[in-house]
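Going in written order, the chains are labelled A, B, C, D and E, and every chain counts its residues from 1.
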C-alpha cells in the first residue's frame, strides 16, 4: 500500500472538539512531490488537522503515520502565529529557528528573498503584521525539508508576496518535498485539495 | 480492564447497589456508636466526640490526594482515559473533607486549647493540602478541553504528592524548631478501646462513602464523555441507568 | 549541546533586550521588603525577628511573579509550537530558558539580599546565610514555578492563577530557607538546614525540567 | 445611565463566567497570609504583633495582582478600541468595570478578613477594624491599581511591571490601613485613622476613574 | 470645497513611525455613498491610517475633519481584532457592542445573517478564528451608521462570506454611507483606491 515515495498516511483519522466532530474517517496517502491544500469554512478544523499532523494536538482517533520514525528531523511547520519574538530582530529570530530545527542555509539571503533586506536588524516589534510573517516564511528559502506544513501562509502577505510564495511551494514540490497548507482565499491550481465540511473530509482534486 | 470506560460503567453499576448501603450503614453505625454510646472523656467531657468526624475526614482527605497523584501518573504517562475521569471525580470530595477536617479541628480547638486556630504542624499541613486540592480544581476549571484539563491537573497532582510528603516533614520541623511539644494532639495510646472501635468504624464508613462518591461522579463523567458512542446511546434508548 | 548553547544565547538575548524583565523582579523584591517596616513597625528588635520570614516571602513572590510570563510570549508568538515540533527533546530549550531566567532574575536577588537583610536589622553574621540560602533556594523556586507557568501558558489568566497553583509547592523551600536564616540569626549551626535545601534543589533540578516539558506539551494539546 | 447599566451587567457577567478570576485573589490572600507563620514563627504573641502588617500587605498584593489582567483581555480582543471609539465618554464603562471588579474580588477579601485575623491571633476586638479598614482601603487600591493597569495594557509584561508602578502609590493606604488595625489591637480609638482612610478613598474615587480613562487613551496611542 | 455630502476631509495628513514617514501630504475628500479601499504592502501604514481616522492614534500632522462634531455617534469601526470577548457568547458580545455604540437593531437576525444561527449562545472561546470575526461583522447588519471604517474585514473569512460582505458594503454605500476599508487580497471594483507606498499616498481609482 505504501511505496517509497509515501510521506504521510492517514488512516481513519477523526477529531472531536467541543462536542462537534470536526472530521472523521479521514484516510489518505500523501507522496513526495505533491502539494495538498486543505480548505474549509471557518471553524471547519483546518488548523486542528495540521496540529494533529505535526504532533501538537494529541486528542484524535485513528492513525497518522509519517514515512520515517525521525520525521520531525525533516519537517518544516509554520503555524498561524509566525513564531517571531518581538525583542529580536529578523536575523536573530531566523537563526534561532534554524538552530532549533537543525536547518542549514544562509539566513541573510533568505531574508533578502522575502523582501526584508535592510530590515535584518530592526527589532521585530517595529515590523508590521505582514513583515513579521515574512520573517517566518524566510525559512522556506533555507535548506529544503522533506515536508512543509503551513497554516494560512498567505495571511497578511501582499500580492507580490503571494505570487512568490506560490512559486516557492511549486519548486519545493518539484524538488521532492511534500507541501501541505491551508488557505481560504486562493485555490491553487495543480494541487490536491482536501475539503473539510460538516464533519466530513473529502478529497476534491 | 477497568481502563475501558464502558467496562467501568457496567462494573460500577454492579458494585454500587451494595457498596452504597454498606458505606452508609458503616458510617451511621460508627457515628451513632461514637456520638451516643461511647463513654465521655474524663478530661474533655463530650467535646471530644467530634473526633468521630474529625479523624475520618482528615485521613480521607490525605488518602484522596494520594489517589489523585496516582491517577495523575496513570493519566500523564499512560494516557488512560479512566484515569482522566478519576482526576476529575476524586478532587471535590477530597477538598470537602479537608475543609471538614479544618472546621472540626478548629471547633475542637476552642474547648481544648481556648482558640480556634493554632499554627500547629498538622493543622498547617492540612491547610496546605486544601490549597493543593484547590489548585487541582482551579486548573481543571480554567482549561476548556476536558482531556487536556485532566492531564494538566494530573501533572500538578503528581508534583503535589511529592510535595505533600515534604511539607509534612518540613512543617513538623518548623514546629520542633520554634516551639516545644506544647500542643500535642493526644496520641493513639491514650485512646480507650471503647472510643477506638467506633472511630475505626466511622473511618471505614467515610472511606467507603468517598469511594461511592467517586464512582458516582465518574459514571456521570463517563456518560458525558462517551455520549456519542454506541453503547451510551443504546443505554439511553433502553432507558437503563 | 550546540542546540543548547544557541538556545541559551537566544534566551539571554531576549531577556537582555527587555531590561524591565530583569529589573522589575529586583524592584519588586526591594519594595515588598520595604512595605513591612511601614506596615508592621520600624522597631529594630521586632524587625530582626521577622526579617528572615519577610526576606524569604518577598523573594518567593518576586521569583513567582517573574515567572508569570516565562512562556507566555513564546506561546503567543508561536515560538512554543516551533519548539515542540522541533527535532530536539523540549527539555533542552527548556533548560536553557530556566538557566537564563535564573541567571538574570534570580541571581540579582541573591546578590542584593545581604543589603536588605542589613536594612531589616539582621545581625551581620547571618547575612552570609541569607545569600547562601537564597542561592540554593531561588533556582528551586524558579524550576517549580516554571511547572506552573507551563501548565497555565495560553490560559492568559495572569499571575494569580499561577500563584494559587505554585505557592503550596513553595512551602518546603520557604520553611527551610527562612529557617536557615533564623537559625543563623540565632547563632545556631546552619549546615544541616542548608544541606536539606541543597537536597530539595537537587530533587527539583533532576525532575523539574521534565515536568516543565510535559506541562508545555499538555498545554499545547497533548 | 443605560450604557452604564449595560456595561456593569456585562462586566459582572464576564467575571462570573470565569469564576477563577473571583476565587483566585481570595485564595492568594489566604495563602500569602499562611506563608508568614511558616516563615516567621507560629508563636501566637509574635504573630499577633505582625498580623496587621501581614494582613494588609497580603490584601494589597492580592488586589494588585488581580488587576493585572483588568484591561488586558479587552485590549487583546479589540474591545478596548471599540470602547475608545464609542460615542460615550470612556469614564462610564471604566467605572462599571472598576465597580464590578471590586464587588467580585475586593469585597470577598473584606468578608473573609476577620477569619484570617483570628488565625493570626488578633484579639477579637480588632476584627471589626480589620474589616472596616479593608472595606475603605480595597476600593482605593483597586482604583489606583487600575491606573497602573491602564498604563501598562498592551505592553504584555505581566504583573511585575504593574507592581513596580503601583506599589509606591499604595503606601499611604497601607500605612493608614495597617495603622488602624494595629491601633485597634492595642485597644486605641481608631475613628481618626479610619476617617483618613475614608478621605483617601473619596479622593481616589473622584479623580481615579478620570486618570484610568486617560491612561487607556495614552496606551492606545493618543 | 466641501459640500453637504462630504463626510471626511483629510488635509496634508502625515504620519511618522519608527523614524519612517508612512505617508505625508495626504489630502482627500470622501463623500457619502463612496467606498474607499486602502491598499499597500505590509507595513505601509494602512492600519495606522485607519486608527488616525477614528481617533485611536493621535500622533500625526495635518488635519482630519469629519462632517459633524459628534461624528463618533455615527461611526462604525472594526479593527484588526474582532472585539469579541471569549467568555461571552456571540449574542452577549453583540448586545454589549450595541449598547456601547448606541446602535439599534435585532442582534439575533444579524447573527443569523452572518451565518452564526445556532451559535448564538456558544461561548466565543469555542468559535474558530473566522467565526469570531463574523460576530464582529454582524454589526454591519444592524442599524446602519453613516461611516464604516473596517480594517481587513476579509481576514479569516471564507469565500461565501467574502461575497456576502461585498454585497453588504455595496448596499450600505447605496444607502448613503461612506465605507472605508483595507485589504490586501481583493481589489474591489467600482471603489476608490488609496494606495500607500514608499511614504507616498496616491489615489488610484
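Everything below uses one rule, namely that a contact is a pair of C-beta atoms (placed from the backbone, for glycine too) under 8 Å apart; a residue touches a chain by one contact, two chains touch by 3 or more.
Please read all numbers here as calculations on a predicted model, not as lab measurements.
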Required minimum of steps from chain A to chain D, each step between chains that touch: 2
Each chain counted as touching chain A and chain C at once: B
Contact pairs, highest-scoring chain pair: C-D
Self-contact between copies chain C and chain D, residue sets same or different by half: same
Whole-Å gap between the CA centroids of chain B and chain C: 32
Chain C and chain D: spacing of chain centres that average the CA atoms, whole Å: 25
Centroid distance [mean C-alpha coordinates] between chain E and chain C, Å: 46
Centroid distance [mean C-alpha coordinates] between chain B and chain A, Å: 48
Shared interface positions of chain A, touching two or more other chains: 18, 59, 80
Per-residue overlap in chain C, given as positions that touch at least 2 other chains: 73, 76, 157, 161, 164, 167-168, 171, 175, 182, 221-222
Per-residue multi-chain contacts in chain B, two or more chains: 128, 131, 134, 138, 142, 144-145, 148, 171, 174
Complete list of chain pairs which touch one another: A-B, A-C, A-E, B-C, B-D, C-D, D-E
Of all residues in chain B, those that touch chain D in their complex: 115-120, 124, 127-128, 131, 134, 138, 141-142, 171, 174-175, 178-179
Touching residues on chain B, where the partner in the complex is chain A: 144-145, 147-148, 228
Contact footprint of chain C on chain A as seen in their complex: 51, 54-59, 70, 72-73, 75, 77, 79-88, 92, 95-97, 99-102, 123, 136
Chain C contact footprint on chain B (complex, rising order): 76, 128, 131-132, 134-135, 138-139, 142-143, 145, 148, 151-152, 155-156, 158-160, 162-163, 166-167, 169-171, 173-174, 177
Contact set on chain C toward chain D in their complex: 20-21, 24-25, 27-28, 31-32, 35-36, 38-41, 46, 49-50, 52-54, 56-57, 60-62, 65-66, 68-69, 72-73, 76, 156-161, 163-164, 167-168, 171, 174-175, 178, 182
